[in-house]
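Both complexes shown next keep subunit A, but they swap its partner, so subunit B is in the first and subunit C is in the second.
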Partner chain A sequence: MILDIIITSLINGSTYALLAIGFSLIFGVARIVNIAHTAFFMVASYCIYMITRKLGYHPIVGMLVAIPLITLLGLICYKLFIDPIREHEAAVLISTIALAIAFQEIMLLIFTGDYLSVPALIQGYFTVFGAKVFYQQLITFIAALVILGALRLLLMQTKLGLAIRSTAQDREVANLMGMNESRVAMITMGISVALAGFTGAVVVPLTTVNPFMWLHPLIMMMAVVVLGGLGSIKGSFFAAYILGFAEAAVVFLIPMGAFLKGSVALSVMILVLLIRPEGLFGVAFEEER
Partner chain B sequence: MNLIRYYIRKFFTIIKTEVFVLPSRMIVLLFFLTLLALPLITNDPYLLRILILASIFAIFAASWDLLSGFTGQMNFGHALFFGVGAYSAAMLNQHVHIPPWGSIPLGALGAVLAGLIVGIPCLRLRGTYLALTTLAFPIILMGIVFAIPNITGGELGISGLDRLARSRVVNYYIAVLVMLVLCTIMWKITDSNIGIIFHAIREDEVAVRASGINTTRYKLLAFCLSGFFAGIAGGLYAHFMRIADPSTLEVSMSFQVVIWSVFGGVVTIWGPVGAVFILFPLLEFFRFLPEFRMLLFAIVIILILLFMPQGLLPWIRDKIENECPRCKIRNVATRKSCRICATSMH
Partner chain C sequence: MKNLKSLLVIILAFFLIVTFCFPAWGAKTIKIGVIGPMQFVQGKGHWNGATMAAEEINARGGVKVGDKKMKIEIVKADSNEFLSMTDATNAMELLLTRHKVDFVVGGFRSEAVFAMQDIAMDYKKIFIGCGASHSKLCLRVAEDYDRYKYWFRGTPFNEKFLGRTALIQLATIGAILKKSLNIPKVKVAIVAEKAMWVEPMIAATKGFIPKVGMEVAGVWQPSQAATDVTAELSAIQRAEPHVIFTIFSASVGVSFARQAGELNIPAVLAGINVEAQKDGFWEATQGKGNYVFTMNTYARGVETNELTKPFVDKYIKRFGEVPPYTASTYEAIVYTLVPAIEMTGTLDADRLVKVMEAREFKTPGGKVSYLKDEQGRPLHELKWGPGYMTSLGVQWQDGKLVGVWPNKWVAAKGAPEVTYKGIVPFKIPPSMIEKYK
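The block that comes next holds the complex of A and B.
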């Protein structure tokens, strides 16, 4: 029982962490609240389903094709629908909501509303202290940690990472120091959508694929971002596992828990915010909150 | 007798000098008259149904604008107020047998309470934090609704409520009159001193506090007022559809109201109302292609926002009216000189 909870919470936590960090990156750099972020995750899942089930390729091929495709799609959407109206924050918000609805409807048209599934990379499971651990779960967890580590390296060690961090801190000054602000925003959007695509790739064998799968992760992702502190990657990381654990514990321990899992996790977020309004790892800027 | 004649004359003077000089005011007048006179022309129950729902959602959208547009407290969980209004009206009607004229206002009071409960923790948050946090509240309530099915009806909701009225036309008049009255009240609130303080809180909260105004109180007031109007919309919806179900609390409901308001232009009250009366029938019109309905809807919104990011109705208003450069009074775009101070308009 306890092991089941831990395994589920680690898997959920990794999903939320990957999604939340992508969301928080593009928010920090360009002040874009990208509601369509999890919609890209959904489209990536469908892309992998298409390649593995319909065209019959190996899941690895599916991942390798899907992630660049989704990144390209994200960049096109950014250029066409978000970039021209970036000064109007409310308009950007609605535009991304409409984009998410449009993706949902397109997927509904192509694949209908059926629940679909994707084969795991490695079939089978092993037992640890009486709890079943599927190999796919192990792969998902390790892949999530690897990609988060790689992202941290990119942000902390490279020149591009420096540009992204400084633009997030102060857009105008970064621009004055000779960083091309709109290009940094564009690259960050690419990284952010690629992260969403990657999440789709590693998580999809564990869940079912359907056109409405973006809604629940969207809410949890936003809760994670708020709980961890907007723009704080370390915060998002820990908050994701905290909320993932809260969700898993409620599902396993309380009767009717499946209905209450969202409620309890979000109540945890609100309770923490009451004590620390800037989130767990956020820094309180007078301007921002 | 003389007094009556005086008031009649004054009424016509106001109509002539204040309403007929500006096309936007004439449009508002026409909108009122068309809505009120429509049942005389047609009795089509389908059309009336669309307009009743549009009126209910117009109250809902305008109440979002009152809170989020005016005070800048971005609320992403506005469905909470709608859902609380609908569910409390439904429960009062079902379990206590209070008729609609009592249960709807009481349900709205329930929504005011919800506004207080949400407003107090949210006072400490600002901007995007607030938007993302408020998103959580309707979902928490939805989990509770699912968890206690013997009181709330669970997934199926509470059905079989009393009708608002027997016939569709009377239903129509109730919904439209309530909408017109409440939206006028909201418009007046935003024009009053309170409205000015709301504006100021959005622009610079620290400056407002520095001028000796208790911003906490005004922000809570905004939450309560907005919750009240949204709660009435929710109660009307529950009694018109004769069911209060979890769809009133869904995320899509919260997003829908943001879409309507931003599409129509925020910080106006009339913007969201107009947007609902454009977008809601449009969504019904797309019904001839059921699969493409939501897709077309999303595309229309994206395209319109690309070309007029401040909203559709303010864009139209700027096209047909100009502001006098000297006295800041609005004039028809065709006028060469200002109607008040006679300065040249260019």
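The block that comes next holds the complex of A and C.
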């Protein structure tokens, strides 16, 4: 059973990690709490559904088309709804909630509330110590690791990464040093939304596509980000697997309480925060940023 | 001259008023509110069934109310009850206060229908429920008749009868597995979504399984909106059940069936899975829902009585799919309301209730008769059993949803066998045959 729990938590955690990394990135750099992050993930899922099921293309084509489209949509939304009010964090928060609900209602109007699905990139499963694992789940796990590695490379080895990091540390000083802080924020938003789109592409074959599919991941993603430490990508990564583990443990240890897995995971988050309020990898005081 | 002009203006105004108002006087209609989650398959079923009923009745001239004929006008109200109870109550208020409907049909989630029921009762309007199964909805009629007598159950029968039917179907499948695969003791995993209506069913199922020589392998309760149940499926697989008895009315039914199919779990998925009743289930599960069995009301080619085929065929022709059970708004209007109105010659709710509760009549889903409680008080609850409403057992067989139950069903010792026209044999999933034979 322990092996089952570990395997399941690695798989669940990967989905949360993929979502939380993108969310953390934009929060860390531009202080934007983008509630619509998982809504972009939902729109990407519908996009892939259209390309694969309605137009009949391979899921890879769906991914290749959906990710740039969602990134473009994210950038347009940033320019129209976030950038003009960026200095007011509460306004940004409300604006992105409205954006997410608007996406949900648009999808509901177009596709109704029917539950839809998308084929996997690789069909089938393999067995590890008696536990069956879908190839698609393995792809998700590998994707989470690759994305983390790629982001690390981008942030540590490129000029853009340097700009992003310096903006994250101190926006004003970065601006004074000649960096176009607004542009950096926009590029980061693009990367963040592209990550949401990529997550949608990788995860959508494992789930059902519906206009409300963004809500549960949003709650879990927020929990992951808070637990890992707001704005800490490394923290988000580890926190995702901790909450994934908590969820898996509930399902295996309390089968009749499987519906409580989300609540238990959130309780773990609260418990950790009581002991370490800044989260696992967060900065203790705002002034230290 | 001035007087003549004034006279002309008055005459013109009179004609204008007469022209615009007279058609409205002449077009007095019977307004029926159709309430349901309209963005979802359940609400679409409500609306489609009511649309078909209104079109059919209006095409034959309308409803005879006393000495005049009145057309039916249906009013759509999106209850959005999956997401918001407030939206559901607001939708009902809107129907009754703004649209001033004469009757209401629909409703789906028991939790929301309780609240809607109270509002309809406040306005003394007949409300025929076409979706919620909770027995308390009808118990209220017996307990406070004067207030709740305007409520009638249209479909489905209550959760006790639903449970009884599902358990009879489970016992039938258990017997088939035992006989065909030589399984000495069939193990059953109970998997139910977390919702109000399933709790009594879980208790009943746990009690019933040992009585028919089977064994409970465990109980799992995922969230009704769970989109990934691989963790639950891994745990279920460890228990090695032969039958996975599902009690699902929400989206989890799609995720569960699809992932169980993808994992090729050697077990029969049986029970209640509302999503599996839909034609879209095959596509939603990408064919992985093959051999899933569920209770249902209608199926292509299956005839409960002589009224079933014309209704199902017409519905398929009109809307391109088999009617979901919520499409019984058709029955509620065509077979319940309209005959009662024509018999009494009135739209008065109190007079209609007296006639409606005493009637016994056939519908495409079976014969309707309303039950009374042990003290003889009216419940307005549907009677269950052979000759009345029984529902069907349907199974996905290679892309087709076919009827497989009742097939030589003997309801009680000495009772005649029941097999509906169009029923085909139940198929054991090949993964089970491979593992156990």
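Couple of notes before you dig in:
Rule of thumb we're sticking to: the second predicted complex is superposed on the first by the 281 of 289 C-alpha atoms of A that agree within 3 Å, B and C clash if a C-alpha of one lies under 4 Å from a C-alpha of the other, contacts with A are read in each partner's own complex, and residues count from 1 in each chain.
The definition used in the following text is that contacts are C-beta pairs under 8 Å (C-beta built on N, C-alpha and C of every residue); 3 or more make two chains touch, one makes a residue touch a chain.
As the structure is a computational prediction, the values presented were derived from the model and not from experiment.
Contacts of A:106 after superposition on the shared chain: subunit B is touched, whereas subunit C is not.
Contacts of A:230 after superposition: subunit B is touched, whereas subunit C is not reached.
Contacts of A:25 after superposition on the shared chain: neither subunit B nor subunit C is touched.
Contacts of A:243 after superposition: neither subunit B nor subunit C is touched. By the document's definition of touching, of the two partners only subunit B reaches A:93; subunit C does not.
Looking at the shared chain after the overlay, A:259 reaches both subunit B and subunit C.
When the shared chain is aligned, no partner comes close enough to touch A:148: not subunit B, not subunit C. When the two complexes are overlaid on their common chain A, residue A:273 makes contact with subunit B while staying clear of subunit C. In the superposed model, A:42 makes contact with neither subunit B nor subunit C. Residues 108, 256, 259, 261-262 of subunit A contact both subunit B in one complex and subunit C in the other. Those residues of subunit A that touch subunit B in the complex are listed here as 27, 33, 35, 81, 84-85, 87-88, 90-91, 93-95, 97-99, 101-102, 104-106, 108-109, 215, 218-219, 222-223, 225-226, 230, 256, 259-264, 266-267, 269-270, 273-274, 277, 279, 288-289.
Residues of subunit A that touch subunit C in their complex: 1, 4, 7-8, 11-12, 15, 53, 108, 112-117, 119, 123-125, 130-132, 134, 137, 206-208, 210, 212-213, 216, 247-248, 251-252, 255-259, 261-262. Subunit C makes touch with subunit A in their complex at residues 37, 39-41, 44, 82-83, 193-194, 218-228, 230-235, 237-238, 251, 254-255, 258, 262-264, 275, 280, 283-286.
Taken in their complex, subunit B has these residues touching subunit A: 121, 124-129, 131-133, 135-137, 139-144, 146-147, 251, 255, 258-259, 262-263, 266, 291-292, 294-295, 297-299, 301-302, 305-306, 309-310.
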